[in-house]
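To start, the structure itself, in structure tokens.
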Amino acid sequence: MEPFLDTGVTAWMLVSASFVLLMTPGLALFYGGMTRSKSILNMMMMCFGAMAVVGCIYVLWGWSMSYGESLGGIVGNPFDQFGLGGSFDPVSILNEETGAYMPTIVDVGFQATFAIITVALIAGSIADRTKYATWLVFAGLWATLSYFPMSHMVWGDGLLSGAGPFASIAEPIDFAGGTVVHINAGVAGLVLALVIGKRKGWPGEAFKPHNLPLVMLGAALLWFGWFGFNAGSAYGADEVAGLAWVNTTTATGGAILGWLLVEKLKYGKATSLGAASGVVAGLVAITPAAGALTPVTSIVLGALAGVASAFAVSLKTRFGYDDSLDVVGVHLVSGLVGTVLIGLLATDTGLFFGGGIGQLVVQIIIAVIAIVFSGVVTLVIALVLKATMGWRIPEEDEVTGIDQTAHAERAYEGIA
Amino acid sequence: MKLITAVIQPHKLDDVKAALEAAGVRGLTVSEASGYGRQKGHTEVYRGAEYTVDLVPKVRVEVLVNDEDVTTLTGVVVNAAQTGKIGDGKVWVTSVDDVIRVRTGASGPDAL
Amino acid sequence: MEPFLDTGVTAWMLVSASFVLLMTPGLALFYGGMTRSKSILNMMMMCFGAMAVVGCIYVLWGWSMSYGESLGGIVGNPFDQFGLGGSFDPVSILNEETGAYMPTIVDVGFQATFAIITVALIAGSIADRTKYATWLVFAGLWATLSYFPMSHMVWGDGLLSGAGPFASIAEPIDFAGGTVVHINAGVAGLVLALVIGKRKGWPGEAFKPHNLPLVMLGAALLWFGWFGFNAGSAYGADEVAGLAWVNTTTATGGAILGWLLVEKLKYGKATSLGAASGVVAGLVAITPAAGALTPVTSIVLGALAGVASAFAVSLKTRFGYDDSLDVVGVHLVSGLVGTVLIGLLATDTGLFFGGGIGQLVVQIIIAVIAIVFSGVVTLVIALVLKATMGWRIPEEDEVTGIDQTAHAERAYEGIA
Amino acid sequence: MEPFLDTGVTAWMLVSASFVLLMTPGLALFYGGMTRSKSILNMMMMCFGAMAVVGCIYVLWGWSMSYGESLGGIVGNPFDQFGLGGSFDPVSILNEETGAYMPTIVDVGFQATFAIITVALIAGSIADRTKYATWLVFAGLWATLSYFPMSHMVWGDGLLSGAGPFASIAEPIDFAGGTVVHINAGVAGLVLALVIGKRKGWPGEAFKPHNLPLVMLGAALLWFGWFGFNAGSAYGADEVAGLAWVNTTTATGGAILGWLLVEKLKYGKATSLGAASGVVAGLVAITPAAGALTPVTSIVLGALAGVASAFAVSLKTRFGYDDSLDVVGVHLVSGLVGTVLIGLLATDTGLFFGGGIGQLVVQIIIAVIAIVFSGVVTLVIALVLKATMGWRIPEEDEVTGIDQTAHAERAYEGIA
Amino acid sequence: MKLITAVIQPHKLDDVKAALEAAGVRGLTVSEASGYGRQKGHTEVYRGAEYTVDLVPKVRVEVLVNDEDVTTLTGVVVNAAQTGKIGDGKVWVTSVDDVIRVRTGASGPDAL
Amino acid sequence: MKLITAVIQPHKLDDVKAALEAAGVRGLTVSEASGYGRQKGHTEVYRGAEYTVDLVPKVRVEVLVNDEDVTTLTGVVVNAAQTGKIGDGKVWVTSVDDVIRVRTGASGPDAL
């Protein structure tokens, strides 16, 4: 076969990368609208800061650590393709039979956007109180020490991939990042919330979202961008991409309905924050499963994730960790729901579809490894930064508002 | 001179304004306020956290009037603002030592 | 010919589906900014609710009712391809000669987004006063009983398609949904406004938009998404798609200028709400015509639609129906302008271009049938729901604000 | 070779056109959030007005003046392909060897969006005080007399292109519009600011942005749309597009960090307005260079642009011209940085990479010609309009707020 | 009757409200304000332009009370609002000629 | 002690603040308000519906002063706020029984 440039797939991957890039500003709005008006800018700045830092380091050593020469199946060699040089292969064969390829540089862009959003997700757990410089340093360190290794393990033919040891039980399924992105970020959010500590006044005082239309806009941009995330992860403009696209929509629909139902039953009212949260829960849950389910089983998965996360957001008050914007309740919990339920619902290999228990076992294994890996790495980074740069702004600055005290700005004009 | 201050339901502002205008009042000042009282507030729910909001949106109307008009005009305000439901608000009257119109510097009743 | 996957077209259809999906949140902002601040969340929730409900039922029976085995040219058999099973054909041939195909699942996604936005459009006529549960049920019923049959009739080789009886006069033209989407939603909006009744205080009191930048942002997202709607309806990445893309832009430009001119002459001032409304009017009008006009005649069509809708939004006060956000004035009127003027302006078959009267007659026929069909179906559904679940929230809740009373939230933080 | 439709490239160009179209509303938010709350609508209206006016005239004579029969290498003949008729060739060959083509109409759409945004960019320098009718007329005149000739000279095989006289030194590089778009708009902004004069109270009074989340959202939409702008300018779904995509991201990352660093050192605080401005500065700088640099040198270019523009925004107070939203400081300055530094950093021909001084000389030449051409043309138009229609609204209307006085609206609801 | 007006730190509103409620007050009116005083403001930076903002967000609380309760209740307010830091605010008392409850039209102490 | 309340044009706030500061005033409270009076409002148009808005944005400034400073300071405010155009606003003076500084609990003239 003669390699040929598949312009259709390349077009779709360029688009997918663009879509996923837009998710991080979408997240900035989703999170920013949920903060109080005195700290939205800081939240948005954490997201934009992640774009800047991770965007730059991804081309320097991120790609190489993800897809470069493997060091024991755990991480790629950062020097192997440092700065996209070295053994960087400009051609990515998509189909061995036809010879269709896309330029690897397109994949670099696509992958960089995943690294960015994963880091940005974590910011939600530490709203209102974090030193900005420490955050920027954390973003670089965490991407390097937690995200790149995880992506190597799962997508770079590493330990948790089909090339790893567990594939003998069943091939682990993580279509677009249930472990790498959501469990990883969710665990990191939990660890940071614990290390950094509660906001002054939490949970006694009211920490109400200050701008729900922004939250809904953010959720919508996330949904839109997620088509690139999930359907782009098909690495093709084909049936798998189409299936992932449709599953992304039906799972989200199911999750909205699931979340709203819980609210209606528990509180008597279905809220817009619930709908927006349901959107994200559904998207998170379908992420690992987008290629493995049918549109109908995706509705079921989404609904279960919506219900699970609607309950899980109350855990933080019960256990007393101030995961401010529910990175744990939404990303960790729905990420786990999606990753594990593949073992039951996968069209070919799921327990409910006659595939036996193997898939379920493997899914649980990769979820647990992701939790442990991310937990340990994040804890080490967080403690080192605590001892060196420090994490917290002064309590008084927190009360006055971090936008004003850390960024010398206020989000909205007023006479004071 | 006197200052009539009325804290009323927001949707009654237009009625009160019209009634005062009809009664010959040529100026007034309005601002946003929130009230706490017998009228109960409401509950809000955000991701499972329930908040009781006991402040209710109100509007404050201030009118400077001549001493002799006080009774009439408080009556006008009360009538226009009344719905008969809890939360209709309060009207109160205070004495004013002096009033000055900024544009002209004129003071006293002429400044109204 | 050997069927082959056209990855370019598939890529474009995946993108188009994503674009159209984004239109509904765009609409949520467009509508939401126009409500008062105490009811924006409810409006956005009606849109997001439509996404959830219609997104799920589309894969269950919506696709089958649109494109399944035809029952008398009126509607597809819901059981034929229920849940995308049964006789569902995974391959959609795009070009009989070359054998190019796209995966049908991509078309399912694309079509689902049309169903969603059409339902959401209706919400504009019943702002501020509608029970949310009733709305959700309505969304499902109306999609099933009005939208799916209309889409079958027009696009599923049904009664109003080129395969139907009127094609003997001239082939009916509805490129992307003038009848199925805009006339259909516009009539439904009118019927609901009449059945549900006026808002307390309307039209005496001021019902002013509370956030015009959101309205303009919403209009922009609609414009953006509409490229998927119109150019995607070419089912190709080709000249027709390109023409539809350009016409979508020039018609919109013409409509903005048309609307602003009316305002300038009538009121002395051109408004931003007028510009945003002109955007939508132009987009609506070009929808059925996007493949049949030239870029220059599209300017003319757009301008006429802008002028027509700018006048039409005053009808509701004249006739006393509270179509709160002008679904009738914008979607029904500009939908009719576009559908009917094809008969005059179509490059090949229009009266002004030597095509005779046939096209005009056919366009009027399909418009009238769409009006009658949608009117009757919507009326029945609306009356049944009125008698059972009820449509209105208590008057007091309407005055306090539906966001607070129905969703236990307020859009923007404040001390009260 | 037999011409064949490359559906992949066509798909990507349809998408790119859509992305770039969205940039103008993005700009409307970016600019609008920076104005005071009493003039956001006017700013957004200037942007939407540019979409309407330029969108329509582009298909009438804009395309022909850009790509029609050349009149002395300066401008295309407007009558040659007026209304996309005449000698308009519907097929654009992309690759002489393979015969791949895309429909020219797609290119028309893509190019129209560039003309629109370039005009809209200028609005930033004349916020709060400009008669709307004069602006609309200016938009049409300036597109016709400055933008179309510039685009002909650079991209239409004119004077500043590889077919022009300077190519004997080195082929001028302007990948996506450093001269045509940014220098052109930047100079025009400066000239208008000078001709129209300062706002009442400037610079003594506070002219603070009224809504920074909107500014950040606008910056994000610009970034997203810019993928179409830059990677679309590859006219292919290939490695060049991929490189442009990645460079667009890394340069922007570098620029954010550069701008924030300047702020941190000068004022002690990194601001969100700085981050959003850095986004735009980076995007502007990489525009001409997106195909000529590596991802790593792009970081450097971006960082330098961020630093340069962060300093340049203070020039207006020093020199006393009221370039209200920094069209000069951001677009002219970073446009120059990008255009000129290509001479140093270009991978093949840059001075630092062994390419000699030729490229640098040519880049300076084209930048200077662009400045002079745009300066003279804009000055003539501006003075003619000053003498005829007039540019300024009454001073009292400026104080009250142009939204209310010129558009009879207010952006946000309130009791007064 | 008297009107107690208190300009306090926004984050002290809940405490003040609770303290007054505990002291038997059944109603009050709240509004947003900004204060200028010994408490210094802050600096904002927008694209290199530095602005000194010397107004600080405050909340105004107004309570109509019977003459005999004035001293107790001003004390309650001051106690609840006090943090001991500059910027805690002011409380002042003015005399009120009359108070009317809009809902009933009743005036005098009964209207409180 | 007295309370001077001034309802002025928003763009005059900085001038008034500066003038009072120059006159030795060390604190004041500002809030947003809307005025209705001789100054006519404006018309807004939304999709063909014309609304007359007769409330004009104003700013309210409140200053607690010693009795002996009242005349001087009202003059200072009026001078600083005056543009001579309709809508410049009103200034009025009321008597205050007592003032307390929350931070210290001190009352009377010392609390100013």
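To keep things simple, chains are lettered A, B, C, D, E and F as they appear, and every chain counts its residues starting from 1.
The definition used in the following text is that a contact is a pair of C-beta atoms (placed from the backbone, for glycine too) under 8 Å apart; a residue touches a chain by one contact, two chains touch by 3 or more.
Quantities reported herein were computed from a predicted structural model and do not represent experimental measurements.
Undergrad: Turning chain A onto chain D with a C-alpha fit: angle in degrees, nearest 5?
TA: 120
Undergrad: List the interface residue numbers of chain B and of chain F, divide the shared ones by all numbers used, and answer same when the ratio is over half, different when under half.
TA: different
Undergrad: Taking each chain's centre as the mean position of its Cα atoms, how many Å separate chain C from chain F?
TA: 51
Undergrad: What is the distance in Å between the mean C-alpha positions of chain A and chain C?
TA: Going by mean C-alpha positions, chain A sits 33 Å from chain C.
Undergrad: CA centre of chain E versus CA centre of chain F: separation in Å?
TA: It comes to 17 Å between the two C-alpha centres.
Undergrad: Where in chain C do residues touch two or more of the other chains?
TA: 6-9, 11-12, 15, 208-209, 211, 217, 267, 269, 271, 273, 408-410, 415-416
Undergrad: I need the residues of chain E touching at least two other chains; which ones are they?
TA: Answer for chain E, listing residues that touch two or more other chains: 30-32, 34-35, 44-46, 55, 58, 94-95.
Undergrad: Spell out the part of chain E that touches chain B in their complex, as residue ranges.
TA: The contact residues of chain E facing chain B are 1, 3, 17, 26-32, 64, 94-103, 105, 111.
Undergrad: Within the complex, which stretch of chain B touches chain C?
TA: 11, 14, 34-35, 42-46, 53, 55-58
Undergrad: How about chain D: which of its residues touch chain C in the complex?
TA: 5-12, 14-15, 17-18, 21-22, 25-26, 28-29, 32, 40-41, 44-45, 48-49, 51-53, 55-56, 59-60, 83-84, 90, 103-106, 108-109, 112, 132, 211, 214, 217, 403, 406-413
Undergrad: Per the contact definition, I'd like the list of chain C residues that touch chain D in the complex.
TA: Within the complex, chain C touches chain D at residues 6-9, 11-12, 15, 19, 36-37, 208-213, 216-217, 219-221, 223-224, 227-228, 231, 236-239, 241-243, 245-246, 249-250, 252-254, 256-257, 260, 267-273, 275-276, 278-279, 294-296, 299.
Undergrad: Which residues of chain B touch chain E once you look at their complex with the stated criterion?
TA: Touching chain E: residues 2, 6-8, 31-38, 54-55, 58, 60, 70, 74, 77-78, 81-95 of chain B.
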